[in-house]
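Below, subunit A partners subunit B and then partners subunit C, in two separate complexes.
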Partner chain A sequence: MKKMDRQVILNELKKVLVPYTLNKEALNNINEQTDLIKDLKINSANLVDIIIDAENQYHIEIDMDSAERISNVGNCIDVIIEKMGSPN
Partner chain B sequence: MISTGNDIIDLSRIDVQRTKQERFYSKILSQAETDGYLTNGLVNLPFENFIWLLWSVKESVYKFSKRRFPLLVFSPKRIITGLISSPLEDHLPVFEERECENFSLKKKDCYCCIINTETGQYYSRSKVYNEIIYTVVSETENFDDIWWGIKYIYDVSPACQSESVRAFALEKFKEIYPNSKLSISKSPVGYPVLNVNENAMKTPLSFTHHFRFVAYSFVYNSTMISKDIF
Partner chain C sequence: MGSRVVVTGLGVVAPNGVGIPAFLAALKNGSSGVKYMPKYQELNFNCQVCGMPEFELSDLESYLSEVALYGLRGSTIGYAVKAAADAWLDAGNTLNNEELLWETGCVFGNSVADTEAMKRIIEFVDAKQARKLGSRIVEQLMNSGATAYISGLLGLGNRVITNSAACATGSQAVLMGYEYIKHGTTTRMVVGSNEYVDPYIFGAFDSMRILARKFNHAPQQASRPMSATAGGFVPGSGAGALVLEDLEFALSRNANIYAEVLGGETNSGGQRGGGTMTSPNPEGVVSCIKNALKNAGVEGKDIDLISGHLPATAADKMEIENWAASLNRYGDDFPLTNSVKSMIGHCLSAAGSIEIVALILQIMHKFVHPNINLEDPNPEIAKIVSLERLPTKCISKDIKIAAKANFGFGDVNTCLVFSKYEKNG
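Showing the complex of A and B:
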């Protein structure tokens, strides 16, 4: 699977995050440093939902060891690119 | 270093169908933990509530441990829950009040669990209502010094959740520190810190919120001030 541009993934990720984000203004200004919990005010109870939605979006599997690395948008893009490049 | 950790789940916000999918819960629970639903005889609890009960326990343990290990990352499958006991009356009560505080955390009134992690062993007490799941964690089986409260809020914006839980806890602290100037700030790690007359206290304090509910827990007994623990 070819690697996608980080900006493309960020824009797609933004759509994934919409239903879980309470701070819509921060979502409009999202960048790779945006923290999912501190900035977007996403409840930790939704983190598994986001992982599953990202898996569906990119047809990948994100194991929990990888999921542990996800705290901001940039980490999330790193994991998605890594998993897209590795055989499932 | 004493600590505390609590967590609340607003059950109106969970996706019941997704929660019951193995793909979902296998990211949170080990096979042995999942099997515990049957082996611990918890079938009076809806399966989705069982999953979120254990999530709540694990999140509370993480918050408890984070105070001691600031670099800790939340990893639910590294927090291993053991035997879970049910309250004597295991029907789901309705959360009738707008707020409740310090009802019994005795074993007979709660779902109780022993938890093991790389950072130590912990004990949890959880209250399961029709609307919410609430958990408090301790490192001993004695929960007598743990104060806690749950409040229903109408404005679910992040700012209001934050403001509401602080005001709720401060109301309780006013009973302990009358005639003092009280405030709550945030530590660099992210946990709340009680300030009394602008002095940061060591009182372990934990906040949690999920949609319509906010809650606090802290550890306090009357000897703590005299022993200068604070």
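Showing the complex of A and C:
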């Protein structure tokens, strides 16, 4: 599998996050340190939906242990790259 | 004793009109909202017509935030949010405040929770994909989904209750809201009911052989309450909502007052004395109507208009008999009586609230809507009451006091009495 550029994934994540945050300005300016709950004011219950959307987007499966590591944009990208690299 | 309770806001999602202006015009014109459903023919249903509102979830864009709307799949919660938010705005309030209203509550009911959500769950679980259902499905699976969305949207902090009493649900919700205000528990209540009859619910009713099956070619004629050719009801979907408030509270905020709730009753015939799971014990019905009048402080002779349950089944005749016996009024002396179901079908749990919205509109705008499709009145009904009391044309009428009843499976009854608002009433 071809390794994707982190910036490309970040830009795609930005689109995935659109329906989950009303804070569009913060979304436009996200970087790897942006916290999904604190900065984007995403309802913590909806993190599940973002993970499901990311799974569908990249045809990967994010297990519950990996999902629990996700709190900001950077570790979300880490998990996506890791899962894309793992055979499944 | 106790405070007076008034109606200050209305909202509706009805098969013949979404929003109050459209619904009011449809009631006056006798416009049917019953449609032919090609899919029901494919599904081999006996009845292939239903009352379905013109509504899309995207109609909620001005009410719900993008985040709340994304992931909302079902029509039934959508109907409820639209009707309740419209009623709230109609009462002179605003949406999307950060305020928490401790003095305001909600009673909203339905028969079946969101079947679109349930179907999705069944499909995902059977495909071993439960983990893909996401976080938004449970809130739509709950019977309290509608009240959860409404109370969240409006910031309601008092009683928030979901009731269910089959076809008596809507009128029971209104009665419960009235009682909470009357007893001083709350100052203001958003009340109503919602129902979405999808093909699965429809199919279950179709199997009981109680639906109209002879008018698939002429859908607008299919719902025929009190007629000789009434051969079963036409299922309908939608929602109705009202804002009820303590009179003093309404006056203090200069609200428009549409009508007054005088009182009501809800009871059960206990499935005794001829009552069963599916048909009412006449003694229970008569007792319900009589107690409603007593609680409202009015007598049978005071009633100007009856908004009946009258679904267009064999029970219509018994209902007219029960009204006549309860009020002790027969023939020419029987009150004017109509059935909204002639235009929209039977919206099950939503029936009561939609029909009460129709009744309040008739009080406000001084008219009695027609019974459509009553070209061939049931001769058994004509023996009890004068046919002139069952109008087939819209008539102008200053209604002072009106009664509304609904009867549901399980032998549950609800009756309410409303009046025009008079300052010194």
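Going forward, the second predicted complex is superposed on the first by the 88 of 88 C-alpha atoms of A that agree within 3 Å, B and C clash if a C-alpha of one lies under 4 Å from a C-alpha of the other, contacts with A are read in each partner's own complex, and residues count from 1 in each chain.
The criterion applied here is as follows: a contact is a pair of C-beta atoms (placed from the backbone, for glycine too) under 8 Å apart; a residue touches a chain by one contact, two chains touch by 3 or more.
Values in this document were obtained by computation on a predicted structure and should not be read as measured data.
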Three-chain arrangement built on subunit A, subunit B and subunit C clash or fit: clash
Contacts of A:N43 with subunit B and subunit C, given as first, second, both or neither: both
Which superposed partner A:I52 touches (first subunit B, second subunit C, both, neither): both
First, second, both or neither for A:Y20, with subunit B first and subunit C second: second
Contacts of A:A67 with subunit B and subunit C, given as first, second, both or neither: first
Partner chain in contact with A:E12 - subunit B first, subunit C second, else both or neither: neither
Location of subunit C clashes with subunit B - one stretch out of 42-50, 96-104 or 240-248: 96-104
Overlapping contact positions on subunit A, where the subunit C interface meets the subunit B interface: 22, 43, 45, 48-49, 52
Subunit C residues touching subunit A - in the complex, by the definition given at the top: 65-67, 70-71, 131-132, 134-136
Complex contact set, residues of subunit B against subunit A: 9, 13-15, 18, 23-24, 27-28, 52, 55, 59, 73-77, 156-158, 190, 209-211
Parts of subunit A lying in touch with subunit B, wherever the complex brings them together: 22-23, 38, 41, 43-45, 48-49, 51-52, 64, 67-68, 71
Residues of subunit A defined as touching subunit C within the complex: 19-22, 43, 45-49, 52, 55
